Every structure is written in structure tokens, then in C-alpha cells.
Amino acid sequence: MLIRVTEAPLDIAEAVAAVETNAAGAVNVFLGNVRDNNLGRRVDHLVYDAYPSMAEKVMREIAEEAKARFGLLDCAVLHRTGRLELGETSLLIAVSSGHRAESFEGGHWLVNQIKKRVPVWKKEVWEDGEAWIEGPESMGLQQAPAGMR
Amino acid sequence: MLIRVTEAPLDIAEAVAAVETNAAGAVNVFLGNVRDNNLGRRVDHLVYDAYPSMAEKVMREIAEEAKARFGLLDCAVLHRTGRLELGETSLLIAVSSGHRAESFEGGHWLVNQIKKRVPVWKKEVWEDGEAWIEGPESMGLQQAPAGMR
Amino acid sequence: MGLARKRQRHVGYNQGVSVTILFFASIADALGHRRLELPSAPGDTVESVCDRLMTAHPQLERFRPTLLFALDEEYVKPSAPVPAGATLALIPPVSGG
Amino acid sequence: MGLARKRQRHVGYNQGVSVTILFFASIADALGHRRLELPSAPGDTVESVCDRLMTAHPQLERFRPTLLFALDEEYVKPSAPVPAGATLALIPPVSGG
């Protein structure tokens, strides 16, 4: 299982190679890229902050949960931090499974959970200002995580 | 739109680059790989046959339909033919969209349609024999395609 | 050999009055080749061409129940007319991906 | 400057009787730094540590309603006990991906 929070560009080939096995008939890869617009506003670039050690821990927990829930063979989850330009990839996930349905469902679930639970934050920088985004999907705006002490 | 039936190995980076634009917040990539087993039998390798010119035509129609249905920004669909060893990629699709849900849903729909409609055939070769697979999802075993003359 | 030469000459002389038929996968294996030309007849449909083909090559009958047809790279019904010069493909259940 | 030196010395002398607090994103910007140490008190909970922090840094009050807390890299409830030496992270609504 490849789990990484890093300032370096994310490498699709590395993530795919990490999850491929001869038992896998399907590999699904998701790239979350920096979009040039959000809520009607032109984005110049993004800056990601993270609590790296905890982010990797939570990413690993989510990946283990996805493997069990969807019968995935393997998962890779990588998140980039620091300044990202338009078109660059901030989130890269790859999952492998016997058949295709699990790979799509497991991959989608994984991305949703990452957006809810992983301590990473995005600052949008526009031509005329900037703001930290409080993720509307964050569980901090919704509910306490299950099984919390 | 990148559409190709080829004997050459499929290149993920090429497919991703073909669909990425600065308006795309999400890219979903699917690899259909040669699995070492099927229906309990050990697979040695696969051989794909195709009607290449028609396959590319149908792949393009499906991709256009996926773009319209799911609001995708772009699609790439590549299918490899000839002899493929375990772990090699026979089908590679990449789709881009503004947000992630469409990329997963559009990508999944696209793969399902390809398995139903594109004139490509797979022969499984085992240690002790071989057989052309009649795809259980083929519309030839189910129903006539909509809008057929 | 003599027949093959005759058919070839026939096709060459009468360009456009034949139908090209394409075979793939299991059907190509059963037939031993991937392509042949049949003389075209007025009023031909996919079904009538297929009937003549099956009469000439009865080993293809077993594929018929699950076949789809493509005329000039487009799926068509068995009742579709087949113009002279068209290319008809016999499409067994697909299994790509 | 004098205060900073004093706090540093205090931490050095009393290893384990302080709580490390981590700040990120908007909260780190509002505070001007990403980490500080508060003296630990017997019976401390996330809530009580947070109360002392907010008293010392009232500009953080506005973040409180949407905050989550992590103790030693695990999400915890505000009522969770905070042992001396622990690391408490203030987690504003996440927006990764």
C-alpha cells in the first residue's frame, strides 16, 4: 500500500505500478487537479497545507477500510502539498481489483472519504485575494467521526 | 478525443495528457488488465481480435455519448489487440470533468458500453487449451442496439 | 485453385456487384479465413446474403443465433438492404475490454 | 523576547508537563505560528486546554465552532483527557483532495 504526503509532483505510473498485480483485472486511477475556476471565480493557483504524519495515518486507515469494504487488492493514495499551479495534480489515488465495478466504487468512496477526513487544507489564490477553503464535505462541518474517543 | 485500436502497448501518460485541461478538476482513468484467472481457470495469456476501423468508430460514438450524458470535458479510449501477457493493459480509458462524480460515473458507463458494443474479441489461452470468449455482456447476447437500421 | 482464380477474375471484372463479408474471432477460425466476396443479387438483405453464405459454409450455422451484423461499419438489422459493393461484417458476441 | 526565552526554559526544565498544540491553515495564519506549548494541568481535557488557549489567544475564538481535535494524530472528542506530553492538533474543516 503506497501512502504519501509530499511536496513533490505526483507520479501516475508509480501509483499504478504500486497496485498492479496479476490477479487484478481492473485498475482505477483518480486525479484531483487544480481547476482554473471555483464557484464562478478565476483561480490563479492553490496552496495546500497538511498535518503530514496524521494525514498519512488517516489515508492509510481509509485505504484499509476501502480494501475490506470493496474487496480491493491494493490501494495507493498520494496527496501533494505546497503551491500547485493550474492543471497540477493534488490528489492521486489508484486501486486495483479483480473486476471493474469494485474499482470504480472503491475508488469513488476513497476520494469521498479523503475529502471528509484527511487533515489537508486548500487555500485558493485569486488575482485579487485569497482564502482558506473550509471544505463543505469536511466532517468538521457535519458530524463527529464514528468511533471517536 | 483520443481513440485508438492498436497492437502497441497502451500509454497511460498519453491518455491522461489527451484529456487534461485547466477546466478539469477530475480525471478518471481505467485500466482493463489481463488477469491470471477467469472463472476458476488459470489463464496463460490472451489474444485480442478486432474489427479495427469499426471498433474505433463505435468507440468514438460511445465517447461522444458519454461526453453529452455526463458533461465530460474529454475522453480517451484505447484498445490493444494481438497477444497480451498477464498484467498487460488491454483497455485504457481516461475521462476529464469539472468535478469528480461525473468522472467516476462517466468512466464506468463508458467501460460498460465498450464491453457491450465494440467489435473486439478475446481468446483465453490456458495451459491445456483455448477458447474465444463470447462476452456475456455483449449486446449480441442481449438485445439489438438502439436506433439500428 | 481454378475456382479461386475464377472468383478473383469475377470480382475484378464486376467491381461493385459483389458483397464483401468479414469474419472475426471464432467465426474466422471456423472458416479458415477473415474475408470473402459473394456475388451480389438484386434485393439482397443481410438475411439473404447470410442464407447464401451459410449454404456455402454450413459450418457457420452454429454461430447464427448469436450473430450481429454490421454493414459498412454500422450495426444493422437482418432485414437491412445490402447494396452491391457493401461490406458486411459478421459480429459474434463481443468480449473486448 | 524575555517571555519566549522563559517559556523555552520552562519547557526544557519540565519535559512532559506541557501539551504541544499544533495549528494549520486559517488558524495558523490567525495566530502567526504553527505550534506552541502550554503547561499541562492535572485532569486536563481537550476542552480545558482549548479554554486556556482561547483565553490567551482570543483571536482563535471564531474558529471554535467548526473545530475538530486530534490527540497524538487521532480524532478525539472535546471531553477526551489530555495526558501531559501529548500533542493536540486543532483541525479546521478539511479541504484536501
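Note that the chains are named A, B, C and D in the order they appear, and that numbering of residues resets to 1 at the start of each chain.
Assume a contact is a pair of C-beta atoms (placed from the backbone, for glycine too) under 8 Å apart; a residue touches a chain by one contact, two chains touch by 3 or more.
In this text, all values refer to a predicted model and were calculated from it rather than measured experimentally.
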item	value
Reference chain B; chain at largest CA-centroid distance	D
Approximate Å spacing (C-alpha centroids) for the pair chain A, chain C	51
Distance between chain centroids, defined by C-alpha means - chain B, chain C (Å)	27
Junction residues of chain B, two or more chains touched	32, 100, 111
Shared interface positions of chain C, touching two or more other chains	97
Overall pattern in which the protein chains touch one another (line/ring/star/complete/other)	line
All pairs of touching chains, each written as two labels joined by a dash	A-B, A-D, B-C
In the complex, chain A residues that touch chain B	12-13, 16, 20-37, 86-87, 98, 100-101, 103-104, 107-108, 111
Chain C residues touching chain B - in the complex, by the definition given at the top	22, 24-26, 28-29, 66-68, 70-71, 73-77, 80, 89, 91-97
Touch list for chain B against partner chain C, complex	32, 48-51, 53-55, 57, 79, 90-91, 111, 114-123, 132-136, 138-141, 144-145, 148-149
